[in-house]
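One chain, chain A, links the two complexes that follow: it is found with chain B in the first and with chain C in the second.
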Partner chain A sequence: MAAVQVSEAEKVYLMHGVRDDLRLDGRRCEDYRHMEIETDVVSNTDGSAKISLGHTDVLVGVKAEIGKPRPMVPDEGYLEFFVDCSANATPEFEGRGGEELGVELSNVLYKVFNNRHSVDLRSLCICAGENCWVLYVDVLLLQCDGNLFDAISIAIKAALFNTRIPKVRISEDEEGGKEIELSDDPYDCMRINVENVPCIVTLCKIGHRHVVDATLQEKACSVASLLISVTHKGMVTCVRKLGRGSLDPESIFEMTEAGKRVGKTLHAPLMELLQKEESLGKKRQKVGFLG
Partner chain B sequence: MPFDTRRIRGPEESQSPLLFLSPDKVPEASSRQGVRGNGDVRPVFARCGLVSQAKGSAYLEAGNTKIICSVYGPREIERKDETDMKTGRLVCDFRLAPFSCMKRGAWIQGSEERDLSATLLESLQPGVCLHRYPRSQIEVNVIVLENDGSILAHAVTCASMALADGGIEMYDVVLGCALGQNGNTCLVDPSHSEECGSWHEGYGENRGCVTVALLPNLNQVSGLNADGEMREDTLTDAVRTCLDGCHKLYPVVQQALTRAVKRKAPPPEK
Partner chain C sequence: MAVEMRLPALHKHVSLTTSQPHRDDKHLVVPGDVITSDTGFMRGHGTYMDEDRLTASVAGQVERVNKLICVKPLKTRYNGEVGDVVVGRITEVQQKRWKVETNSRLDSVLLLSSVNLPGGELRRRSTQDELAMRDYLQEGDLISAEVQSIFSDGALSLHTRSLKYGKLGQGVLVLVSPSLVKRQKTHFHNLPCGASVILGNNGYVWLYPTPETQDEEAGGFYTSMEPVSVSDREVISRLRNCLLALATHKVLLYDTSVLYCYEAALPHKIKDILKPETMEEIVLETRQRLVEHEG
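Now for the complex of A and B:
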């Protein structure tokens, strides 16, 4: 991840603060930074969302295409994730620099969504064994200030909520071949149920305590972090330890419990906000990228 | 995906005959048929010093899972643009041989393998004293010859044995243990058919797979990877069970390492 250089004195100052539940910007250990979400920012996609979490900016676009289902599961569609760390974020990402980070982020997203309940894949089936909807979720990192996983997962949830997949009809033509017809009405579309989509919470271990939503400076002081993805019911879909240090088993249990608690409280306000934004409809003032 | 031009592959439209097999029922709790209990690790065969050209190497067999690992280094780093020259670097390469799984795998490294390499690196790094090898790089190459479940866990154990065999300084051996959760039963060290429901279709309710890498003497967890959908208390119990499994594996690894050392440097004859 893009790193900042932090001196020893700064590290000590930060660790002492965290020990007393006070971080550099005045937050407590389990508070998130100010978050702004906007959906439907890119008109060419079927669903999109932009999130700014402090100075981290992430843009997610979802495009639905018709493809062939996977041979092992012919009656389900699937999701494909791709994360692009653009050179916009930091100069380190120029050329192939950001590829490693992008691959790591995509792999985690695949693991997080690798279960039956996150997204109802059966609803993405058009014709079993032949056609299905494939949702290409493309994530673009615009600015990087720590806590990429959390921002990306929230943005994906918002983008999937915003996705409108056109309804299709299968008709048989004269020779018996199947033909797919998209309905002409642009408002006749299918929505995805995002109730069970998990959100990722990254907890960084600093000293003896853990912090949620770490900035780059805080990340430079921590040796290991735990990534946990939680659904609104409190089910855990993916846990990973990141970083080059090791963790005590007791800290892992503590961090898992804290991560689950924080993650669970993230879902309800998010859904409420998304539904409120949608209910504004045409009256909504679009902020876009310059807000 | 890069296209492999060196091998003749079947036509694009061909499908594996495995798709037409009737699906295996996910095994029930008693399916281990008394051969081993739900909480038992499979018996492990481990030997070091297999590959004569490598600095250190190890071979591990657990049930039908066969893994071989070789360690090269410390070598000089090729890229000179590393800002932090005070510590060495560990490079891990995890590969599954194309004949290792039921379905023929591609020889070119897919994203799953890159993910496993990254997890292996994260699990091994806390155990190796990299500050003793500044400006150097240690390469760890793991190949899975036969995949019968828990490959990541056994690869971690095999790699740390190979590092020890190669004389690389470490704080402690890193041991790995895996667990498959299926509803309310948890199976330690699952075989491929016990893990099987996982890879193709995604997990059902309270089903998942947990892999833990532990440094037993320091009691520090260096790697944790959990997949599937589980409740938090189930996850906590699963991690505790894996930690016990790691401790059970320790004597075997100790024995294999002392045997390798005795062979390389035989005690003086009286």
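Now for the complex of A and C:
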């Protein structure tokens, strides 16, 4: 991943700051940088969102296509993830440089989001065993400034909220053949219930404490971080350790508790914002990429 | 624990055009703009000839020296000049030299013969010194230095042959565009608010707690690892956010502008300074004071 170099003295300064609960930009250990979220930014997707968190910029697009359900779960649709690391973010991503990170990110996203506790996969079923909606979630990293996971998860939640899947009807002809009919009305569509979609909180262990929303510099000073995905009720759906270092059980417990607490508080403002944006409707001037 | 989410707003550029109508008489161009079709001028940096018309190739301000026309870009890599103060990061330790990243197009060079060795004595550099190079400066270390000369390919040769230059200790690095740093007699400032700043000409700004004793025996290689007090940290963090606010709104950075901005930011919480609306407010106040100060 895009890494920054930090000298020993800078590291010491940063770590003492974390110990004193005052980070380089004046935030406390459990503060996020301020986020700007906009949905419906790409017109040729079924749902899209763009988030900027500090200098981290992520664009998410959701496309719905009709596919075949997985044989193990014939009555459920599924989500597919693809993360594209743009060379705009850092020159390291040029060519195939971003592939490794992209695969790692999409695997984690698959684990976190593609289960029936997060998204109501049953609602994506069209005809059990034969047809279902497949949601292709494409993530594009435009700029990296730390804390990719959290930003991506919030953007995915926003994009899923924004997603509108056209309603379909199944008609049967006399010989028993089934045909899928798409509704003529473009506004006749189904929405996804995002209530239980989790948000990811990444906690970076720095010194004896942990911080959320670490910048690249802070990440360079931490040995290991813990990724926790939390729903609005505070239910933990996925925990993962990232980084080379090790964490002792006590700090994992502490970090999980902190992650739960922080994760719970992410959902309410996000939903409020999304609803507010929707209520503004077409009146709102879109900012897009030129703000 | 605080989460701040919002819809993006179109960013306005803070300016005092209403109160100062004739201040914006600078000649600003974007790439492709014709600067002049008069053939009596010479083509400088940032321009090209398009069918006898002098055209800008970068976005920035037109500068004229007699018959030479240049465009000084707003956003650029650092173009070094001899005597500039720069802040850089060591990227490589090589034979008799360090490679330093200074935001220029090519890595700069710091020769072993152009540093003051610990102890401050001036002597020939022996092979022992060469072997101990990594003890003085290693990869990732930050230094302040002066540009000694420029190679023919544009790479810079640096020197730290003065006690004010050398390895940097605890503090925060802020990256801004080099064109936002105002050239001044001195780039080392001990600000009255309780911190010091090195405004590198290359756009690297180093904020650090004001050292108590000015003369260090180690010749710039000694770094204190003692914890910095919380009050100093607060000042440094506030300054950092102020610098970023000024840079976002393209205000020239020098001691007065930084200090005015710091004072304008005092009523706000440190982390709130980076919010767009607070940033706007602070920068506007700073500009107002700068204009008053000039006039």
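We adopt the following convention: the second predicted complex is superposed on the first by the 285 of 291 C-alpha atoms of A that agree within 3 Å, B and C clash if a C-alpha of one lies under 4 Å from a C-alpha of the other, contacts with A are read in each partner's own complex, and residues count from 1 in each chain.
The rule is short, and it goes like this: a contact is a pair of C-beta atoms (placed from the backbone, for glycine too) under 8 Å apart; a residue touches a chain by one contact, two chains touch by 3 or more.
Nothing here was measured: the structure is a model prediction, and the numbers come from that model.
Engineer: Quick check on the chain A-based superposition: chain B and chain C, clash or fit?
Structural biologist: fit
Engineer: With the two complexes superposed on chain A, say which partner A:E38 touches: chain B (first), chain C (second), both, or neither.
Structural biologist: A:E38: touches chain C, not chain B.
Engineer: If you stack the two complexes on chain A, which partner ends up touching A:Q285: first (chain B), second (chain C), both, or neither?
Structural biologist: Only chain C is touched by A:Q285; chain B is not.
Engineer: Thinking of the overlay built on chain A, is A:L24 touched by chain B (first), by chain C (second), by both, or by neither?
Structural biologist: After superposition on chain A, A:L24 lies in contact with chain C alone.
Engineer: Taking the superposition as given, does A:E8 touch the first partner, chain B, the second, chain C, both, or neither?
Structural biologist: Second partner only.
Engineer: Thinking of the overlay built on chain A, is A:L182 touched by chain B (first), by chain C (second), by both, or by neither?
Structural biologist: Touch status of A:L182: no partner.
Engineer: Which partner does A:M235 contact after superposing on A: first (chain B), second (chain C), both, neither?
Structural biologist: Touch status of A:M235: first partner only.
Engineer: Check the residue A:A128 against both partner chains and state whether it touches chain B (first), chain C (second), both, or neither.
Structural biologist: neither
Engineer: Once the two structures sit on chain A together, report how near the CA atoms of chain B get to those of chain C, whole Å.
Structural biologist: Value for chain B versus chain C, nearest C-alpha atoms: 9 Å.
Engineer: So chain A touches chain B in one structure and chain C in the other; where do those two contact lists coincide?
Structural biologist: none
Engineer: What residues on chain A touch chain C, complex-wise?
Structural biologist: 5-10, 12-13, 16-17, 20, 22-28, 30-38, 52, 261-262, 265-266, 269-270, 273, 276-277, 284-285, 287, 291
Engineer: In their shared complex, at which residues does chain B touch chain A?
Structural biologist: 15-16, 19, 111-112, 114-115, 118-119, 122, 125-127, 198, 200-208, 210, 215, 218-232, 235-236, 239-240, 243
Engineer: Could you list, by residue number, the parts of chain C that touch chain A in their complex?
Structural biologist: The touching residues are 1-11, 89, 91, 139-142, 168-173, 223, 225, 227-228, 230, 233-234, 237-238, 240-241, 269-271, 273-275.
Engineer: For a test of understanding, state which residues of chain A touch chain B in their complex under the given definition.
Structural biologist: The contact residues of chain A facing chain B are 70-73, 76, 103-104, 106-107, 110-111, 114-117, 121, 226, 231, 234-249, 252-253, 256-257, 260.
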